[in-house]
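These notes are about the structure you will find just below.
Each chain carries a letter (A, B, C and D) given by its place in the written order, and its residues are counted from 1.
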Amino acid sequence: MPATRLAGIFTPNLVPLDARGRIHEAELRRYTDWLIDRGVHGLYPNGSTGEFLRFNAEERREIIAIMADQTRGRVPILAGAAEANTRETIAACEYYHSLGVRAVAIVSPFYYKLSPPAVYAYFKEIADHSPVDITLYNIPMFASPIDVPTVRRLAEECPRVVAIKDSSGDLPHMIRMIQAVRPRRPEFSFLTGWDAALMPMLLIGCDGGTNATSGIVPELTRKLYDLTVARRIDDALALQYKLITLFDTMIYSCDFPEGFRAALRLRGFETGVGRQPLAAEQHIDLEGISRTLQCLLAEEGFADQPVNGCPPRERSDAALSARGFESQSVQPANVERIVESVVAELARRGLT
Amino acid sequence: MPATRLAGIFTPNLVPLDARGRIHEAELRRYTDWLIDRGVHGLYPNGSTGEFLRFNAEERREIIAIMADQTRGRVPILAGAAEANTRETIAACEYYHSLGVRAVAIVSPFYYKLSPPAVYAYFKEIADHSPVDITLYNIPMFASPIDVPTVRRLAEECPRVVAIKDSSGDLPHMIRMIQAVRPRRPEFSFLTGWDAALMPMLLIGCDGGTNATSGIVPELTRKLYDLTVARRIDDALALQYKLITLFDTMIYSCDFPEGFRAALRLRGFETGVGRQPLAAEQHIDLEGISRTLQCLLAEEGFADQPVNGCPPRERSDAALSARGFESQSVQPANVERIVESVVAELARRGLT
Amino acid sequence: MPATRLAGIFTPNLVPLDARGRIHEAELRRYTDWLIDRGVHGLYPNGSTGEFLRFNAEERREIIAIMADQTRGRVPILAGAAEANTRETIAACEYYHSLGVRAVAIVSPFYYKLSPPAVYAYFKEIADHSPVDITLYNIPMFASPIDVPTVRRLAEECPRVVAIKDSSGDLPHMIRMIQAVRPRRPEFSFLTGWDAALMPMLLIGCDGGTNATSGIVPELTRKLYDLTVARRIDDALALQYKLITLFDTMIYSCDFPEGFRAALRLRGFETGVGRQPLAAEQHIDLEGISRTLQCLLAEEGFADQPVNGCPPRERSDAALSARGFESQSVQPANVERIVESVVAELARRGLT
Amino acid sequence: MPATRLAGIFTPNLVPLDARGRIHEAELRRYTDWLIDRGVHGLYPNGSTGEFLRFNAEERREIIAIMADQTRGRVPILAGAAEANTRETIAACEYYHSLGVRAVAIVSPFYYKLSPPAVYAYFKEIADHSPVDITLYNIPMFASPIDVPTVRRLAEECPRVVAIKDSSGDLPHMIRMIQAVRPRRPEFSFLTGWDAALMPMLLIGCDGGTNATSGIVPELTRKLYDLTVARRIDDALALQYKLITLFDTMIYSCDFPEGFRAALRLRGFETGVGRQPLAAEQHIDLEGISRTLQCLLAEEGFADQPVNGCPPRERSDAALSARGFESQSVQPANVERIVESVVAELARRGLT
């Protein structure tokens, strides 16, 4: 029996820390439940948002162990498994396999900028020895790029390699990868890690996303996925526009992932203080983010407005009204569909 | 009465040269007709594909004059008008206005990498003195980038600035621009210059494209536009996948725009030899492109197969079959629509 | 009889404009004399500092004609000759040859990013038809890079190509070029266009520089050249440190070359307003530059202090005193040399 | 009593591995002695060449412990101490301090691209708690850049920060750093990590280098340092030219540091197989490197020629012979020439 195909929204979760800077197990378990309850399709611990690099090898295992135990199979886990070298990465794969994760995700070698053959050799060696399925993780702004021929070569030679997570946000690149791999490996999954392009990425053939916003507003990211897969283009687009605003606010303020940590606190979690120290001038920025975020969350119904209110925002619908083809959605059939989906959605959230 | 909104596919046409390297007027006129007949919405002479930089100021005017005369208002013309400095650019705007072009397109200052305020000041001075509508042209790989705040500032302050052509291919960037400008300037147009992302760009709100492929396979680019605007997502996607293959073959082989020039010869035009000399080793590459192109064109019904045949190609449909949401397209209504469109298309091509 | 080897400091001069934005011939002639009188070895009109791109083809010829007439052979002229295409560039070479220039300088093709074979083919075609010696101009931040194998290939195949001006500031790259070319073309010249590395570039084998600072403080740039060639390392280094401060102030403030234009006004020339318009916020920056520049110039004895004085500056000598190997310079013979040069310098400035 | 100032050549050593891929202690000890015997001024384990990232935390400590024990104070050790986060890095600093290392070197945070304030905060926190002197390590091609204001800020606020190792190879950047820091911290050291610019870097004020070539040809790198510090410019330059050829051969072939590993084997050390797996096509490259390296080493007298001989090499002296000033500084005739030229120059300037 084949394993389930990787699809949908996998949350690259932050790790709550306690007052001493250690993993806050109770809060991590509560966060895990909270994410699953709000509809994410899977969890992706030890990703870039999860600051895998700022934990040591033991802590990385502890994070997966806690989350696997808490999840108990309700959703699949994609476990970040990169360690110092292939031998230790393979050992991590074995351990995560014993915990029952669906697959591991392994970032391309970083720091050194490796050539395509070296990137290939790295993944090939791991794939030849891993007992668990592997997702390649391409994030060229941080690590050695995995180019299209390398993805194809690995997909053809390594049955264990079942997916790629691509965080470049480069849409034509995604098309080229799908075109190169899907004819021979139709079950191979393509996940996008760039929230700002989630909806169009899904439309051009992606199977899902590993999106940091889903760790903060899982309802919103999941809804965007559902609307897009249902081909409710106009609704999806309106939500994508809002999500990009939220994403930009979190990703371009202060240093990544501080904006996301601040936002997670607004959602009611004790995140603790990050391990990357902040300069005095950065703390001021964080206050600004918090206010902006709280207003955006309030607008979407996910948080209360701040006490001193939010600035009136120009309706982003206006941004869309000039497109030439939106009339579809105002036809009677569409109105009904919208009403139905809203009712269903409210029901799902226990609001009716 | 307001001018027509810029929308649809504008072709950035190459300029046929004669045996002495001069503008081949007769062939340019024939090419103009050919493009209009095959359904492009507008023409965009003196763009990057048109090698505006390799002509002198007089030749640039001659090109627009010939094409405006030949077009005689059948389709709007977007005239590339950048000259050595703002004074000469404004003079060119005046001349093109006298020829009746719909608008001019002005590339951001190049060679020097200008700061956002300098880019703003450049366009502001031109916009304040131009008698004709202006399209900003952002192509960050070649010229000083026009960032989102600068686009918004120009859109707010300059009624003459009515559109932006963006060739970055960066989809989130396009969303950010639309979000920043459309609420206040709902008639402002957004055109994408990156063929590899045309379909998703249209889906997220673009009004059209200035796409080099439309100068080679206008039928194909126009069809992709029509399918996308009609929200025939699956059909559009299949065509986008094919277009990206064609686009890559032309753009990544030899130096731009030689791949496009070779392809245009295959469509039956005397292009002449380009003004940028080619090294001996580059000529070899061109032969390879020609073969590949002819096969691709043949596959789409736009050219005969080469004498020695084409390699069997894996069906790109397979690339799409694994997506999770394609079931829509096999519903009866869709089948009918497809049949209808195929019949109509065959009729349009005179094949029925 | 072979032509003189290109060596020393060639000034890439700005072009003074009159109130109507036209070339200010009288001031350009006065500037030409002023530069020659202050010791630059040659002139380099129509370079990047000279904003060749913001003039039209006729104006570029006019600039060279005026300067050649004014120079009357006192120093060699290196004439920027790049035009819209090879045919027009060759015609410009012929014209500049008729004016008696020592050589032309041709920037690598810009806007489009050309491959090495295309860059080769471009220069090869020009070199095969030019009646005058050619200097390749490599400025990878603005134009297609000319890589080491291409420089070697052109040096080997084209006797007309006699030099390269490299503005990358990349010292190992310069070593690699010299190593690749000099064994077979010992008379080939290597000029650096990056003022911030002039002294070390001369020390590792360059023959001279085309440095924008020499258009503002020709005395200073010439002196740095002389000190370096005379192997007065410590004195040269102290001056290089000061020059880098001046260079940074001019190049990193506002948009290039506005900092240089402002500085040239301080030296007493009517520069006119540049052709690239400035935004309101840029004008404010210019005032800051002017003050800084005037103070630096005053410190070096080339201008009066501004009325409201200059901030006390930490002695840059301190920056040098900690190096581990300067003991050589305190030997008696060196002390004498230093004293002599200081006395001579003071005398030259009329301060004794 | 103040600690010794960091100066001279510090070798970033590779770590020999045994047949099982573990640290080969005996060979590491032999290598340590070999380096010290050949004159390097210090050792720099756990640098980029030492592949610190491909060892785990325990191994990194083991490497330093072995080398400190073997060195027994003969030369100072600069210990690479970066760990997963500031807490663990500080613990590593404490451990290395207990081993008696002269200082630690800490690379700027990598993977994530941090802003200047975040880079500052990172080093500030470590510097406030480290018991041992710290060298900042700037390698912008691999890690978050440490900009000049941040270097100055850390130098001013943190007495524990005593040096910077800069591997950018950017000479003007080095001048700017020295200028910013030396006036207030005259004992602060500047080390260059870019072998291709070692000689000019020393000439413009650097105190030494951490150069990978010194791990392969310590005699050569040390000699280049000595010649440069003694201001034997011509001899130093000739050697710098040869070193750049050797450096390029090792650094641009295969993936770093495989070229260096291959070369170290040629010097008689069992290096073992690197931890980054190599693809089949990369092994072929390594054979080529080996041959080239052995020939270069033989030419310099550091290895036997390969059995099948070496290709005749054009004398690199030829590359230097065309410069105008290289023999000047030594022979009597040159002194006369200098005097003559100085007199002539003074005359030209009207000073005699």
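Worth pointing out:
Rule of thumb we're sticking to: contacts are C-beta pairs under 8 Å (C-beta built on N, C-alpha and C of every residue); 3 or more make two chains touch, one makes a residue touch a chain.
In this text the structure is predicted, and so the values were computed from the model without any measurement.
Listed by label, the chains that touch chain A and also chain B number zero. Mean C-alpha positions place chain C and chain D at a centre distance of 32 Å. Chain A and chain C have Cα centroids separated by 51 Å. Each chain gets one centre point, the mean of its Cα atoms, and the points for chain A and chain D are 40 Å apart.
None of the residues of chain A touches two or more other chains.
Here the chains touching each other pair up as A-B, A-D, B-C, C-D. Those residues of chain C whose C-beta lies close enough to touch chain B in the complex are 21, 48, 53-57, 83-88, 109-115, 117-118, 120-122, 124-125, 141-143, 254-256, 275-279, 281-282. The part of chain A that touches chain B in the complex is made up of residues 7, 169-172, 175-176, 178-179, 182-183, 186-188, 194, 196-197, 199-200, 203-205, 207, 229-231, 233, 237, 240-241, 244-245, 248, 314-316, 318-325, 328.
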